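Going by the order they are written in, the chains are A, B, C, D and E; count residues from 1 in each one.
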Amino acid sequence: SGGSKGTEVIKIGVIGPMTGDNSMYGTSVREGAMLAAKEINAAGGVDGKKVEIIAYDSKGDKTEAVNAYNRLRDQDGIVALVGATFSGETLSIKEIAIGDNMPMLTPTATHKDVTLNASNIFRACYTDPYQGATAAVFAMENLGAKKAAVLYNIEDPYSEGLAIAFRDKFSSVGTVTNYEGYTAKDADFRAVLTKIAAQDPEVIFLPDYIAKIGVILSQIRELGLDMIPISGDGSDGIEVDYADVAEGMYYANHYSKSDESKLVQNFISNYDKEYGVQPNALAALGYDATYIMLQAIDRAGSFDSDKIIAELSKTDEDYVTGHITFDKNGEPLKSISVIKVAGGKQVLVDKVSAE
Amino acid sequence: MLKVQNIDVFYNKIHAIKDVSFEVKEGEVVTLIGANGAGKTTILKTISKLLEPTNGVILFRDEPITKITSHQLVYLGLAHVPEGRRIFSKMSVFENLQMGAYIRNDKSQIDADLEKIFHYFPRLKERINQPAGTLSGGEQQMLSIGRALMSRPKLMLMDEPSMGLAPLLVQEIFNIIQTIKNEGTTILLVEQNANKALQVADRAYVLETGKVIKSGTAKELMEDDSIKKAYLGG
Amino acid sequence: MALLEVTDLSIQFGGLKAVDNFNLTIDEHELVGLIGPNGAGKTTVFNMLTGVYLPTEGDIKIDGESIVGKKPYEIVRCGAARTFQNIRLFKDLSVLDNIKIAYHHELNYSTFEGIFRLPRYWKDEKTAHENCLAFLDIFDMGDYASIQAKNLPYGKQRKLEIARALATKPKILMLDEPAAGMNPKETHELMDTIQLIRDKFDIAILLIEHDMHLVMGICERIVVLDYGKIIAKGTPEETRNNPDVIKVYLGE
Amino acid sequence: MNKNTIKSYLVNFLAVIIIFALMKLLMNIGIINRYYQGIIVFILINIILAASLNLATGFLGQLTLGHAGFMAAGAYVSASTAIMIKANFGWLPNIAILLISLIIAGIISAIVGVAIGIPALRLRGDYLAIITLGFGEVIRVIINNIRFTGGAQGLTGIPRISTFDNVFWITVLIVFILYTLTHSRQGRAIVSIREDEVAAEAVGVKTTRFKVMGFAIAASFAGIGGGLYAHYIAFLDPNTFNFMRSVEILVIVVLGGMGSLTGSIIAAIVLTILPEALRSFADYRLLLYSFLLIIMMIFRPAGLLGTSEFSWKSIYDRYKYRKESIIKREKA
Amino acid sequence: MILFLQQMINGLSVGSIYALIALGYTMVYGIIKLINFAHGEIMMAGAYFAFLIAITTNLPFPLVLVFSMIMAAILGMFTEYIAYKPLRNAPRISALITAIGVSFFLQNLALVIFKANPKIMPELIVKKPISIGALKIGTVTLTTLVLSIIFMIILDIFVKKTKPGKAMRAVSEDKEAAMLMGINVDRTISITFAIGSALGALGGVLYSITYTQVFPTMGVMPGLKAFVAAVLGGIGLIPGAVLGGFVIGMIETVSKAYISSQWSDAIVFGLLIIVLLFKPTGILGKNEKEKV
């Protein structure tokens, strides 16, 4: 696909929310991808060709994502797509992309159905069910918890996906005392927390993004409750703004900044140099996904979709977010880093692997 | 007191007032006569700056009012009894009258004036706490006149004050006009009831499709045959 | 049987008994005036007769059928139409459409037929169009058919409102101060119109008006209301000379 | 009038066919690529949504802030119906599956519309707006919480059977129905309610009935619009139908002109293209969009077309008039 | 029982913020019949003003509050002047659309300036819970509660008894007639926006202290809820706004605590619908049939 065959640049599309209230997610992915492209170009490009990242905003809106995808394909002639950022957008593009046989690697869409029945679609992150179940295992085995509460965002597929998996896994051994939902714009959790506290769970699972978890944590502290908060990769970076309330919590992540591997430390320092901030997990995933994709194109030695897809499925290497191989569905097989917030810093507690 | 000089007024493209000039001297009652749609209301609204003339000047107390806004005119002594009553329907009768005295601060005088208005219109006193919107049409008309009087105006513009009033009250309204005239208030009166209007007026202007076609003292016009035929039902 | 029969009609607003024990019968083709001081309760009577207010007590019958509790549009179908003291036209619509809306009972095509423009639509619309235009002509308003109602001069608006009420094919027409805001000449023309309507459409008319010239000139009977109660009934002559009516209403 | 009207119907019908043929041609030779085609499909869906809302808000005069709720109801019903049909009667042609699903979606949405409408339409103005707003929010929470919708996870596996061709013709049909409806005796009754409800009742218009009818038809078409959307994007989640979506549709209606179907069409085109056209402004895109919205409202407070409809006849008349006046002037 | 009472205090805390914001809504709606969709964004702006001044200076809390209220009042008057005033004589719904436009604009402006990441609001009030028996009530809650009631009383008296207040009511009914009374309509509307916006800012600051964050879309949900509160209580009525705020806060809390946290929004809106159907003018509104 694409009209750029034989040209001197390799165009890679990126889609995500870059304006609007979710803009931080899309921009992180974009910045990660741009950094990867820059590094590769500095090293001579792919097959001597320069890489160009074309990133389009979707506002997180499905209609816009479809328009953006169509535009990338028809107007810009991309070779492959690194995206989209959110599961909803990715799923809206999915059917069209299957029809186009577009090589597609989403860095961050964790919805279980993203890669289902789609030979051209891969992802760089682990799925919601996998992550949620892992968190439950960690709570039971590492923390020895018997009772757990779940508080999740019913409007967010990511949050709900994690919550369901956690609940199902945890209840196989322990008790889930509360399984409570809230809506995306909710800000007050005192009522529901008070209710949860009455059941006395040892841990509370909070699958959401930093901003919301920060609020929930501060209300947990305000009410003086003593449950251990556990969370997913949405909490990555929570120790920056919410150090005091997040102290002692655990969360699953794609990598740990305290990981001493050269790959990770290089990425962190390059990113910091480029953008003046520390990268979050989304940036890391955008960075990795871009590398994976470009390496596959390099190996394919052509822009032919089938060849690129074939090479993608052969991926087997170390990246910032871990060692990545894909299963037959295009799911990554990688381990999860569990991080504890201690002294306002990320501390790598354990690497929990796929079962 | 009031000089209107060559004004033109448009509603978008409709030329409603065409080169109209007239004058109201201090202490006079002047009436504008004209059929429906002749432009009487438009003229009154232009004088109180609810509409803007495209041409011409209006002098109120020898000052051009070009740069003056509606609400400032009230402070200068202008009051307007608008067409269609325009009372504040959710406010009580009492509050409506208070709004009439919005520009005043002399509490005791205000109270005295209130009494005077209740004397003119006893019905208003009976309904003093009722929301004005539930008053009958005629009651609302009384309220509208009373409200305008509460500002103690020097010049009062009255747009069909007798509309919808019972015969007894129509008489009463004209008596009141006479009274306030005697108290020194200047009045520009628009009335369908031209007979009655000419009886209290000193002078009159006749309007037809936005133009002044005739003017003169009330007496002259009352005897004018064409006026009789067209407006006095005679 | 009388066309309109009102018995012991009363309504209370909070502490105020706006209409108190009102009784009235009107026969076909009659022209009756309802007068009284401002706030006497005349418009309120209209509002009860047309279903806008629900009376606290009493009964209203049109052609022997009680209409109390019916919706305004049901009452229209029973044959009572009205105009409003403050003109209420469909301002943004054309004069013709104002009439057509009131005339809709004569059109029978279904929504489906209308949407897909089936033959009955064309037939009905054609007759409606012609009839409504003819109707406007009766009022000398044919030339205004396509003008927006709000752009009509005041007097014409009043006329249109009357025409609109008539388009519902009423048996009794109630006019609330039709001459308000008209000059003597226009009022005179209105008198002719009212009489013309009565004869041409052969209906009864109940009229509220403060213009005594008009009321005395055309009404056959007059009912006088004060503080919600009937204080006099009779011919114009009797009413004019009734001392109570002179005292509270007419003056002099 | 009969002949002229029929003639103008024919002219319009011809124009629609020409537009369609032209678009197909441009698509075939690649000038309209699939990117533009995708945008056109969204424009058409927005036209359906806006035109139907215009019936409720512009013609009937009932401010509605929950149109996305009806769209959602239709989208989910249509999607699940199609999934079911595909599973059990997979041999049916796509167009049949689409039509059956859309009809069921339309009916269910109409029922929802009636259920909301009967009680809510007793309220006036802003109160109705709030109730419909509340309804829109409630329906989203419901979708999030019930099973067959897939909750926040969304509904996947929806047959992707909305094509440009069928979306185009369904839009034409719906706009046609709305136009003829609003220009019939029922339509006049609906408009009279907007103009003055008390007076409408006083001339015998069954206000409740026509309010509910207008509302139900609007809801039904919104449901069909939702269905087309579902079958185009093949994925549904409740967030798609949030309050902002309702607002977007309302903005199209008001910007186009309340009570003008052609206005809605033009505004749908403008407002669907605008965000795409503003792509190059990157981070300032939304800022600019809202700014332009304010500016457009300030300069055209009654909307682009006001309450009038675009018609060939009026253009022709104007042309004729100009010609005549030129002739007159020359004669003089 | 203790648990229940504690939940009631939670409800009060939520409700009193809604009440404060709803006051601003009701003021503006009451006067120009505009659902000021941008009110939530004014509230957000107020929170940012407070945030900025708090991190750059050491002003005490009351001064931070006053500063933010003044700035928001200016912003409110400015938006009125730019976006609503030109539409005074336009159809009401057009003004509604500009209000939505202003709301988008302010949100996106904040996004461009401050980015989507929430900023952490400094703890301007020491958040020490005060214990009453076994119950705990936060200092912020107490402040909000007291302020909302004080402002309700002040505003109610202001609108009912003072001259400018009466002028507002006159303007709300008939602008032209109000001019003929000598009322400066433009200024009156400006003042209304100023007061409404200042109250919005007050709500915004307290909201952001309670929930520790300031972010561009923070105004959306409380704005919507506060609006619902204003309608529920009887829009245009000052005590109604406060009552509505508390009622919504309580319902939300009770449904989260005892019925279902995920259904709480549906319950709030569902209840609103039911109340309006039985009492179309809200809890405190009077049912007045239009006189014809």
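FYI, a residue touches a chain if its C-beta (ideal position, glycine included) is under 8 Å from a C-beta of that chain, and two chains touch if they have at least 3 such contacts.
The structure displayed is predicted, hence computed values, not measured ones.
Among the remaining chains, those touching chain A as well as chain D are E. Counting only chains that touch, the fewest steps needed to get from chain A to chain C is 2.
The chain with its Cα centroid farthest from the Cα centroid of chain E is C. Relative to chain B, the chain whose mean Cα position lies farthest away is A. Note: centroid distance chain C to chain E, computed from Cα atoms, is 47 Å.
A straight line joining the Cα centres of chain B and chain E is 42 Å long. Centre-to-centre separation of chain D and chain E, using mean CA positions: 33 Å.
Multi-chain contact residues, meaning those touching two or more other chains, occur in chain A at positions 19-20, 23, 154, 183.
Within chain C, the positions touching two or more other chains are listed as 43, 52, 84-86, 88.
Touching of two or more other chains is recorded for residues 108, 111, 262, 265, 292 of chain E.
The touching residues of chain E, counted against chain A in their complex, run 3, 6-7, 10-11, 13-14, 107-108, 111, 115-118, 120, 127, 129, 138, 207, 211-213, 215-218, 220-222, 252-254, 256-258, 261-262, 264-265. Those residues of chain A that touch chain D in the shared complex are 18-20, 23, 56-57, 59, 62-64, 66-67, 70-71, 73-75, 87-88, 91-92, 94-96, 111-113, 116, 153-157, 159-161, 183-184.
Taken together, the chain C residues at the contact with chain D in this complex read 50-52, 71-73, 76-77, 81-82, 84, 88-93, 97, 100-102, 104-105, 107, 109, 111, 114-117, 121-122, 124-126, 128-129, 164-165, 167-168. The part of chain B that touches chain C in the complex is made up of residues 35-37, 84, 123, 127, 134-139, 141-142, 160, 163-171, 192-195, 229-234. On the chain C side of its complex with chain B, the touching residues are 13, 35-41, 43, 85-86, 153-156, 177, 180-188, 210, 212-213, 248-252.
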